[in-house]
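Order as written gives the chain letters A, B, C and D; numbering starts at 1 within each chain.
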Amino acid sequence: MIKAGIVGYGYWGPNLARNFNSNPNFDLVAIADRDEKRRLMAAQHFPHVKVSAAAEEITRSPEIDVVAVATPVSSHFALAMQALENGKHVWIEKPITASSAEAAQIAEKAGQLNRVVMVDHTYLFTGSVRKMKEYVGGGQLGDLYYYDSVRVNLGLFQHDVNVIWDLATHDLSIMNYLLGPTARAVSALGPRHFNELEDVGYLTFFYDNNLIAHFHVNWLSPVKIRKTLVGGSRKMLVWNDLEQEETLKIYDKGVDIKTQKGVYDLLAEYRMGDMISPNIPHVEALKMEVDYFAECIKNSQNPHNDARAGFEVVRLLEASDRSLESNGAQIRLD
Amino acid sequence: MIKAGIVGYGYWGPNLARNFNSNPNFDLVAIADRDEKRRLMAAQHFPHVKVSAAAEEITRSPEIDVVAVATPVSSHFALAMQALENGKHVWIEKPITASSAEAAQIAEKAGQLNRVVMVDHTYLFTGSVRKMKEYVGGGQLGDLYYYDSVRVNLGLFQHDVNVIWDLATHDLSIMNYLLGPTARAVSALGPRHFNELEDVGYLTFFYDNNLIAHFHVNWLSPVKIRKTLVGGSRKMLVWNDLEQEETLKIYDKGVDIKTQKGVYDLLAEYRMGDMISPNIPHVEALKMEVDYFAECIKNSQNPHNDARAGFEVVRLLEASDRSLESNGAQIRLD
Amino acid sequence: MIKAGIVGYGYWGPNLARNFNSNPNFDLVAIADRDEKRRLMAAQHFPHVKVSAAAEEITRSPEIDVVAVATPVSSHFALAMQALENGKHVWIEKPITASSAEAAQIAEKAGQLNRVVMVDHTYLFTGSVRKMKEYVGGGQLGDLYYYDSVRVNLGLFQHDVNVIWDLATHDLSIMNYLLGPTARAVSALGPRHFNELEDVGYLTFFYDNNLIAHFHVNWLSPVKIRKTLVGGSRKMLVWNDLEQEETLKIYDKGVDIKTQKGVYDLLAEYRMGDMISPNIPHVEALKMEVDYFAECIKNSQNPHNDARAGFEVVRLLEASDRSLESNGAQIRLD
Amino acid sequence: MIKAGIVGYGYWGPNLARNFNSNPNFDLVAIADRDEKRRLMAAQHFPHVKVSAAAEEITRSPEIDVVAVATPVSSHFALAMQALENGKHVWIEKPITASSAEAAQIAEKAGQLNRVVMVDHTYLFTGSVRKMKEYVGGGQLGDLYYYDSVRVNLGLFQHDVNVIWDLATHDLSIMNYLLGPTARAVSALGPRHFNELEDVGYLTFFYDNNLIAHFHVNWLSPVKIRKTLVGGSRKMLVWNDLEQEETLKIYDKGVDIKTQKGVYDLLAEYRMGDMISPNIPHVEALKMEVDYFAECIKNSQNPHNDARAGFEVVRLLEASDRSLESNGAQIRLD
């Protein structure tokens, strides 16, 4: 049994605790949180677990093998480094750090010490994203034209990050997973209506071959929408993450354009075939991810969502911030 | 009875013909189309109407009071001017012309000759947009934060205009109607995958007070989506044009942010009230618009969707094209 | 060209007129309606067509080949017989007549005079029902377990028929088409809230092999629902007639039950496969039906929706009425 | 702290355990299950809780105040009586017992011993049903015309009860809560396709004043539907339990019929007003119910979902079974 401690019992910590506690590979032994109310809640939920205020009691505990960091982003770096230096494997909430420089250091340290660092890009473990990976990775969509994502909600305003760092982090981890971390440039726009943090954001990433990836993230939407469209030359797909069934639909639809003689002599033929919605078993993504974490630790295997993957996402977020500061100017990524 | 002739019996012409024919204010007397197949179809549909190949038989006919121009955009200007110069009132499909200079000339000519020119911005006559106008115009949404629209489809590729001129024209006419033609700048992005015309487009308009309006138009989507979100400080709304019922929903939702001491001492309070979907009678928009056209002609009244309104939309489209050419750089509109 | 006249220009007549007028096989020459307002409307829509008050001017006109009867049900029989006796082919709105005895007479007369009688069971000509016929008829669903349909709306109260005769007629024509007119018994329940006519109805038909078909029809629903489920041993389907796309979905889902030793030693295995939504071209059902009518007339062919098919539906409606009168008691159909 | 033990750790037991464990009023001290795998799972989830095979260790334990019974229905009676006789308060999963006679005995015993018995009719604690109770109970819908519910799914076949006892139990508890336990008669139909238990069921309850309540429950549906319509003379509502937002919609719609002179001189006027979807806070129903259980125990208060309420539901289920056995004949309930 791998002994696990969790630092941070706020919004997401209880989900980690529940999953580490019920996973047969792990033994949840300690939880730390600065806030007394959260500690009381942890003690109520897990009377057999040691609950403390000080993170160090976990990051430095000799009996603990794994530290899960579920605190605000600004403290991720220090906690992760401390845990690594004490020989722990580390699970970190997204985004991995507040800067790519910090992320790079974590990646380097993990490599030196031969420890597993896994960034909790939970969506990569959903059945829908895994199935999309099969389709996109297997070339079944053909050449990709665009990737369009909307993730909006009357969202919880974050105190330390804007809506892009909060919500688009999910999408960028998915984008990198599906398309590869090969975007050439980014343009970001986003107004601020309350304080110095953007609450609505539009991001556009430019890939080779006219592939464009666009994201709308929004804390001020009256309704929740989480919908992604991907258009390819052979097939197209729609992922609606809020559906309970049929979350993923693959369309045998497309356009064949036969440009003759000149630009305006365009002859379009439309392919309107069937739609298929593949069966996707209902498994909690976090459960799958915790299983995978155990597997990586046991086999000394590097996870695909390692510190390097976390770094790649933060790099995109930093470039988006630079674009925001210059009114949407395209920022090169290479 | 106002005698009407229609030039162009392609995609939209039959809808005009049906509406002018069944409207008690109008007498549909002539239809012209260059294509013989379309003429045969017109003759089958309206055996009592004179069908010809030459537009001039309509624009110059002494017995005709009104000319409806439903041809490709590039011919709008010449046909509208010819009709005006022959004393006709003119109905023009959107966009009014291929350039703002032409639109300005039509507006000027209509003023000189005291003729009614109406641009067929059909959406302005839907129950949903009229109801939205009441809400937005009446200040019930409070200060506006953003306007976000998605209009995507496996759309008919146009031969002469890109997806923005084709689809966003609808949205820009609605935006100008609801928010006023006061956008300060535009940024446009859009890849081309088949020929020299963009098939996916993202437009962002910047207004005063951090109001942002964003549009996604797309000819390559496997599914049809026509959804608009508008966020305000008092209320927010969602317009789903594809719903048959409950197309418009008004949410008594919002965020009150109390920034204390510093930027990061943010205290957000969320208002989560009821949603109301106002009853909207089912009336064909085009029927209402044709009624309004008759009313404007009878009362020598200038319609709100006149040549000037058409000009304002084309001005935005031209600026969008300039932004596309310079990789999304913001183009000033004033 | 087949010369057609339409008797009745109320709710549905204009749709018939539009389709006969624009169909290249037919020449719409006459429309009759008792109501002057409807005649004025017909004249406005079709200035080239002769409009009169007297049905006889159509049923007895020597220049007319086809009479379409779109009047209230109680007058169908007399008009259809008159038209047949004058040598016309007849198109009749559903239900064919107010009694099965009348329907049988029409069927007999049509046979004697070798005329085509087509009952306007429009739904049989929708892409969805035609595709369902392929699936059900081809055995792709396996053994059928149940057929369940909901057709509810804040519906127009009819003056002369209850909600079952009004709405379920559609469904019974579809049921007979898909499953065959072989139901063994019917049970019907339905309250009346305003007058002597039922406004909510529940119908259950019993077939061999425990196949059950159930219908909910309702004039008092705040929302419109038109949804049918069909469960079979190999596949199951859902038809949502209100969707604009993906109206038909075929599920590779099912249950395999292995009863061992005794009744309660049940071992259920669930098959959860993909869903496929076949592409269904958008064609107006009424257009296809009018084409088929022309084809049947030209080829002296008996349509599948002939007077006999109309009779079979009325027989079910009559049995339903008897069940209603006896508090839902099962009425044998054979 | 009230000390609680749970008997049965199958499908629903873990939800009870989680809620009793995290509720500040309760101390979860023991779990029993016959199945070793389930006991191992319980021990993994709650290492601090005593896990045993024998229910008696809970029902007879002197340190336990409350016994929650989450075993198959057939064992409810014996376990509940044993717990009551040992002075425990009892929480029982639905349906309370396999017969109304047993339910009556539990109700009597609870009264004699002054113990709280609560039947887990969870739905009564959802925000939607509580809000519906306000509308229906407050007379805002006017006179009720019908109550129509669909609850279908590719459901888990039960070994000991048919689909009506499994699924309709939810609905009947809601019906009794909203309309009162005053139905006059029931008619039930349902085929069996695999063994001796009905897998599809249609239930109709008859109330005074032509109010009808109809239920469709189904284990063989390819899709999950949980939708209820309630029609009244003043307003109508739709409850869609599968929606994450806007689960309840209230329609200001209706029909006013003015019958003049005779039955067929019917003049219908339709009222088509706004729809309102009241904001319903997201709270887990089971959490609210466990809170209410604690409150009833502390205040020696009889819950509305007591053994008597459980009895009333079982009485309806038994009558439904009798109707099934006699081909849907109406069974009187009074």
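We take it that a residue touches a chain if its C-beta (ideal position, glycine included) is under 8 Å from a C-beta of that chain, and two chains touch if they have at least 3 such contacts.
Here the structure is a predicted model, which is why all the values come from computation and not from measurement.
Comparing the centres of all chains, each the average of its CA atoms, the largest separation from chain D belongs to B. C-beta contact counts were set side by side for C-D and A-D; C-D has more.
We define each chain's centre as the mean of its Cα atoms; on that basis chain B and chain D are separated by 52 Å. In whole angstrom, the spacing between the mean C-alpha positions of chain A and chain D is 39. Of all residues in chain B, those touching 2 or more other chains are 223, 272, 275, listed in ascending order. Chain A contributes residues 246, 252, 272-279, 281 to its touches with chain C in the complex. On the chain D side of its complex with chain C, the touching residues are 145-146, 148, 150, 152, 154, 156-157, 159-160, 187, 189-196, 199-200, 202, 204, 210-212, 214, 216, 218-223, 229, 231, 236-238, 249, 251, 253, 255, 257, 259, 263-266, 268, 270, 272, 275, 327-330. Across the interface of their complex, chain B is touched by residues 21-22, 24, 41, 44-48, 223-224, 242, 244-245 of chain C.
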